[in-house]
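Attaching a single structure in structure tokens format; questions to follow.
All chains are identified by letter, namely A, B, C and D, in their written order; residue positions are counted from 1 within each chain.
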Amino acid sequence: MTAPLDVSGDEQHAAPEAVSQGAGAKAIQGRSLGQIAWTRLKRDKVAMGGAGVVVFLILAAVFAPVVVGWFGHPPNEFHQEMIDTLTMQPKGGTGISADFLFGVEPVNGRDLFSRVVYGARISLLVAFLATLLSVVIGSIMGVVAGYFGGWVDALISRLMDVFLAFPLLVFALSLVGVLGQFETQLAIKGDTLRILLLVFIIGFFNWPYIGRIIRGQTLSLREREFVDAARSIGARGPYILFREILPNLIAPILIYATLLIPSNVLFEAALSFLGVGIQPPTATWGGMLAAAVKYYTVPHFMFFPGMAIFITVLAFNLFGDGLRDALDPRSSR
Amino acid sequence: MRKRYATPALVATGVALCLGLSACGGGGGGGQSADSGGAAGQGDAAGFNAALEKVVNPSDKKGGTLKMAITEAWDSIDPGDTYYALSWNFSRIYGRPLVTYNPAPGAEGRKLVPDLAESLGEASDGGKTWTYKIRPGVKFEDGTIITSKDVKYAVLRQLDKDTFVNGPTYFGDYLDLPKDFKSVYKTPDVNTDSAIETPDDQTIVFHLKKPYAGFDNFAATPATVPVPKDKDSGIKYRQHPIASGPYMFEKVEEGKQYTLVRNPNWDPATDPIRKALPDRYELQLGVEANDLDNRIMSGDLHIDLAGTGVQAAATATVQNDPELKARADNPTAARTWYISLLSDTPPFDNVECRKAVIYAADRVGLQNAYGGQLAGEIASGLMPPSIGGWQKLDLYPTGTGDVAKAKEALAACGKPDGFETTMTFRSDRPKEQAAAESMQQALAKAGIKLTLKGFPTSEYFPSYAGKPAYTKKNNIGIATNGWAADWNDGFGFFSQIVDSRVIREAGNYNLGVKSPEIDALIDKANLEQDAATRDAIWGEVDRKVMEGAYVLPAVWAKGLTLRGKGLTNVFVTGAYDMYDYLNLGVE
Amino acid sequence: MVTYIIRRLIAAVLMLVVVSIVTFSIFFVVPRLAGVTATDFANRYVGSKGATAETVVALADKLGFNDPLTVQYGRWVKGIVAGSDFDTGASIEHCPAPCFGYSFITKTPVWPELLDRLPVTVSLAIGASVIWLVAGVSTGVLSALRRGSFFDRAAMGVALAGVSLPIFFTGMMSLVFFSYKLGITAPGRSYTSFVDDPVRWAYNLILPWITLAFLYAAVYARLTRAGMLETMGEDYIRTARAKGLREPTVIVKHGLRGALTPIITIFGMDVGLLLGGAILTETTFSLPGLGKYAVQAISANDLPKIMGVTMLVAFFVVMANLLVDLLYAVVDPRVRLR
Amino acid sequence: MSFLELKDLRIHFPTDDGLVKSVDGLSFTLERGKTLGIVGESGSGKSVTSLGILGLHKGTRARISGEIWLDGEELVGAGVEHVRKLRGKKMAMIFQDPLSAMHPYYTVGNQIIEAYRIHHDVSKKVARKHAIDMLARVGIPQPDRRVDSYPHEFSGGMRQRAMIAMALCCDPELLIADEPTTALDVTVQAQILDLMRDLQRDFNAALIIITHDLGVVAELSDDILVMYGGKCIEYGSAEDIFERPEHPYSWGLLGSMPRLDREPTERLLPIQGSPPSLINVPPGCAFHPRCPYADRTAGRSQTEVPELLETHGGHRVRCHLPSDQRRGIWENEIKPNLEAS
């Protein structure tokens, strides 16, 4: 390169963000990309609102017993005194009161509020772990494909195509049943097994999405000047991979991980809705929605778990969008 | 356990009196009194539970279209390949079995009357030979005269269980078939006269291996509906069964809709029991359940073919609307929802531990789980009240659980601090899930910790609860279960669920009743010729099952059913505990 | 270009083969590894109460569960490619290719059932995709062009809510409200063939269409907006402006063309996947399409049906992939080189 | 009046992070047939200036003030539509990376034809003939065949030729070339520069070359304008800038000019630090944080924005150092170093 100064090659981008970003970022020495992103993120009120809700949800899930202790009843406790034994519906329609904030379930009168709170545990746990799994597999596959190229890339890319060609839900549904047959041979049982099963299915089938993105990023990074520069001074493969490429992949990985969580929340809810997933009486949002179909004349039963899913997913999406804007300002244009 | 949605056939043995009248005719006394408020007794044609004891809207007006619907397709409309009560009930409008049930409300409806045959079966040889005379002049829809050979062919063809997987196996179990007979398709030339003889076109003679006094019950199944051999196409016959009754299929779209029109070759003179009022039947399959209820309420449909009752959502609507409630009935079926205690799985090998579970269970909670008072009456025994020989048992409390007694039993079992076990249920059945959850709550109070595990219905008996190798390995001690009688004698109800000798490698319905005493009683009952004595033995079987604490009975099933607007001649038949489909009409 | 097409075709066929192997493995090989025996398989098909152990063993043999797995796989594939024969009792019935087997639970060949369900799913997918493509893309373009305006903010807010709502929740709520409460739309499970009554067809499907389209429109609006913004920031847009082109020409001819190309590929994939059955939508609205069929088959553990529907979905996805690739090659000249 | 005259042009962008003053009070003039080189680092505002002249900031969030006179017409205040009609016809631009600057989905010919037909009401056939002529003119072999090629099917140099053909197809009177050779190999660079020189002579257009590479402007330019932080810091004839540069920043640029006898990566006089943020422009002289001579201004450079002052004969410099001191540093400290190498 003939550039005498620090010419980034971005100059032809007349858009003001690019100018200010390119210039601003470099002018302030000692501020990492992370700090800059954090500054930007802090200013994004919507994203921070989303983050606030996410934190709130996580706290509520982690401290579910405490929250329920304050505002409700144990999630699996029956309150049949709340139920009209002829119609099996809550007395007075919903049973909403200061004692039961969201009312009670039909049939056995369980506290809907505490079940929604406990539902957050499963939902978030599965979504986080599944995302982690997808990100790990996806990143490794993506980097390997993008970095090594050639037949390795071709093989992994085809593999991703195959994965994407599978009818995901059909497979997930059948796999839960098929893998359940291994249950006797495994040491883990009950909810733990079910959660791991869900994590495996959701995480394992979602990695190609993130894999494709990381592969693309790696490909373009590989061609970027600073990698050329490193190579020209004799840097070796592993060095380039770990010191030059991976650090630059952190931002996209973080962004897509954040955006994958809400989609996994939806996926978990869908599986629970279709009746595979955690065993009762453990509360899940999707499971509650499925049960509520029969009781559509008391819509509070479907409303609260549905809204819980909506708010959770929305919060993660808002935060994820904000994070993307902060880490990768050009993408927001 | 074929009959997933429909209530199974419930048959009075001959003219045996129905014991326990309150339960027989009009639904369980307890459940009914709580809500009917005397509506059933009103003189008006309509009213809550009006169709249980009498004909609502009697009429002889012909014409109109009767619209029926069902939430899903049933097994088959081939009379030789069906095990649903709704189908046994409904098939009679296009097919005529040798005998059938008297089209009359309540217990009267359990009486058998001749249909294709001139009279009920004539027994000889100590009940091993049964002879029927076919009415002369009865024709198929194409005008061919029906002969005894068509009946024989129909009975023989449905013995091929490779082809017709759905139907019951009673004829195969009892008929004295030659060894080399495989099926009418594979061995068409084998002489089967040792099993069924047709000395002339009107006469058909059944020869049994062992005597059975209630053979008319067999003859009342759709298996005796005649099938012309030259029109039989095996499994594909269900695409157009040939009519012998007053209606024939106009259009068959499997899984979607059936329409039936009048059969021009049906002669009312040959048929004393059918009124054949509507001009046309329209059956819609696969209607969404809530939508189906709504359409009956609005008058768009006349009847829910399944006859098991409205959905949870509609229950409340019906309860709160006097007009709708006056069109509703709450019959009790010959079906018990119960919970098996697997005596092979420790600590349930100890009867006291089993008793502990029964004491600890919240019986009201279970009733609620199965849908509340309108969906079931708390069961004190395994046998439903409409089965001959039923007696009210009072071995265990039926309240909300007796923790003290449960603890006593636990102490006697050597587990004073309780124990842990796993309970299975059918995951696609919300009621069983609710029952399992109720059990978990109630048993926890006595120190018995349950882990719940749901499996799909299709796999439940073949791969999980009904497979001893699995249940032992996975410490499954409790399993939801349910059973309905094909016949309302003890044999029809008990033979598959309490006899330890029917237990095989997988696919069992008897999950834990293993008692030589009970096995001996069953043998004794099967040899007993006198119906009353036999019934009494079956009653004893019920007592022994409960004494041995092998099962925890939950409820005897009931359903809240709706009569459509403008429907005439409506009543609940005691034969099927659903609206009798034989003589319905429309205004 | 011709070699490109051939290469893609071969890849598509290979993909289907891989999918078929994996599908077969999941349902036949994996359970075997878990200790499920041939008789266990057969037990699933025994319906009547009185089936004896011998009947089950005989059935296992008859259905070929005792054969080596490779033989079973070969038989299955042969059925798809060449057809196979089945015993209906009265006669031997030939099931012509593509024969996805014969359900021993319902005693029906799978393929005609799939064909029967297909129109429902196709109607759902086509109707919804037209709505979402029009609504999503136009909203996205307008949002991008009026970036930061009230319209943009409102549209993007609604779109974000749209992608955050589970379809079974919106579907159920809209069914409860519009169908059961107001009675202005068809209740669940409603489907009329287009051929029989086009108006009824549309009336019955309008609610599922809108529910499904809402979700996708939200996704597409966001994608289109992002794509449009990115494209409008491309150098070649600046070049087009520098040439003195009118702004509408710049937007439509240079901007949209670039922004829509990736949208079209995603659209192809989405429609392909949907053609294989919109499981959640069909379940929520109880529509008798392929998705519902798959769910029912799975809950009944009816293996021939599950495998049939899986293969059909995979076929649609692979075909959509292929079409999209070919289309891309037409739209984007750069691809042809690859 | 000059053919092109900029008077106190300011282009500011309001952003979330603050006001970006990309161009902040720029003035210069340019005559027909003359070439002006604008030199500076990225972010110095050169490209924003060129786009500003073309009116491409109109309708965006940019705030533009000052005057741009082109052939007697003021453009800043002119209507959007009016300026659009001038674009491509009266003034045209050649962009840096022709691969991204040309639409990937249309053939090169189509893109030239499109440019021609906006301003000329001719049939497609005529326009196509013209496009082929233009391609031939810029030295593309087999132009009648290559006219149907897509940009990605061209080599880098060919693409840039095509780009030039597209810019010249309507005989513009003002041609702005933004980093026309940056993306090209050294040998191709020379060819393109030769081509541009020839074409400029033929068309008698006014030419602005924007670059960070003094080597490029050295061969072509009559005058050179050095930009830093959105402002002009030194302006003069090519001879002035190369022989008698007075601004420390210009010295840095000269010092880092690549020469054939030197390793490309080797920089004689590297300029320390990075270009300034255009939001938080350093107070005083924008260059002072990087200026090795800032300590010689007695602290004025930190507080006071220097004026652009004429030293002699049109040579203007924006620096606090006294003119003679600057000449002294150049003659005694910088120049010997450069020549020694």
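The definition used in the following text is that a contact is a pair of C-beta atoms (placed from the backbone, for glycine too) under 8 Å apart; a residue touches a chain by one contact, two chains touch by 3 or more.
Keep in mind that what you see is a predicted model, and the values were worked out from it rather than measured.
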Nearest-to-centre chain - CA centroid comparison: C
Farthest chain (mean CA position) relative to chain B: D
Whole-Å separation of chain centres (CA-atom averages), chain B against chain C: 40
Rounded Å distance between chain A and chain C, as computed from the means of their C-alpha atoms: 23
Euclidean distance of C-alpha centroids - chain B vs chain D, Å: 91
Distance from chain D to chain A - Cα centre to Cα centre, in angstrom: 47
Residues of chain C whose C-beta touches two or more other chains: 36, 180, 235, 238, 299, 301
Residue numbers of chain A (touch at least two other chains): 12, 14, 177, 181, 184, 275, 296
For chain D, residues that touch 2 or more chains besides their own: 51, 56, 95, 97
Residues of chain C touching chain A in the complex: 11, 15, 18-19, 22, 26-27, 30-31, 33-36, 160-161, 163-166, 168-169, 172-173, 175-176, 180, 226, 229-230, 233, 235, 238, 269, 273, 276-277, 279-280, 283, 291, 294-295, 298-299, 301, 306, 309-310, 313-314, 317-318, 321
Contact set on chain B toward chain C in their complex: 1-2, 83, 160-169, 172-173, 183, 185, 232-237, 254-255, 286-288, 290-291, 294, 428, 456-459, 462-463, 467, 496, 504-507, 509
Contact set on chain A toward chain B in their complex: 76-78, 80, 83-89, 106-108, 177, 180-181, 183-184, 189-190, 275, 279-281, 291, 294-298
Complex contact set, residues of chain A against chain C: 12-15, 158, 161-162, 164-167, 169-171, 173-175, 177-179, 181-182, 184-185, 262, 266, 269-270, 273-275, 286, 289, 292-293, 296, 299, 302-303, 306, 309-310, 313-314, 317-318, 321, 330-333
Chain D to chain C touching residues, read off their complex: 51, 54, 56, 59, 84-89, 92-93, 95, 97, 100-105, 114-115, 118-119, 150, 152, 166
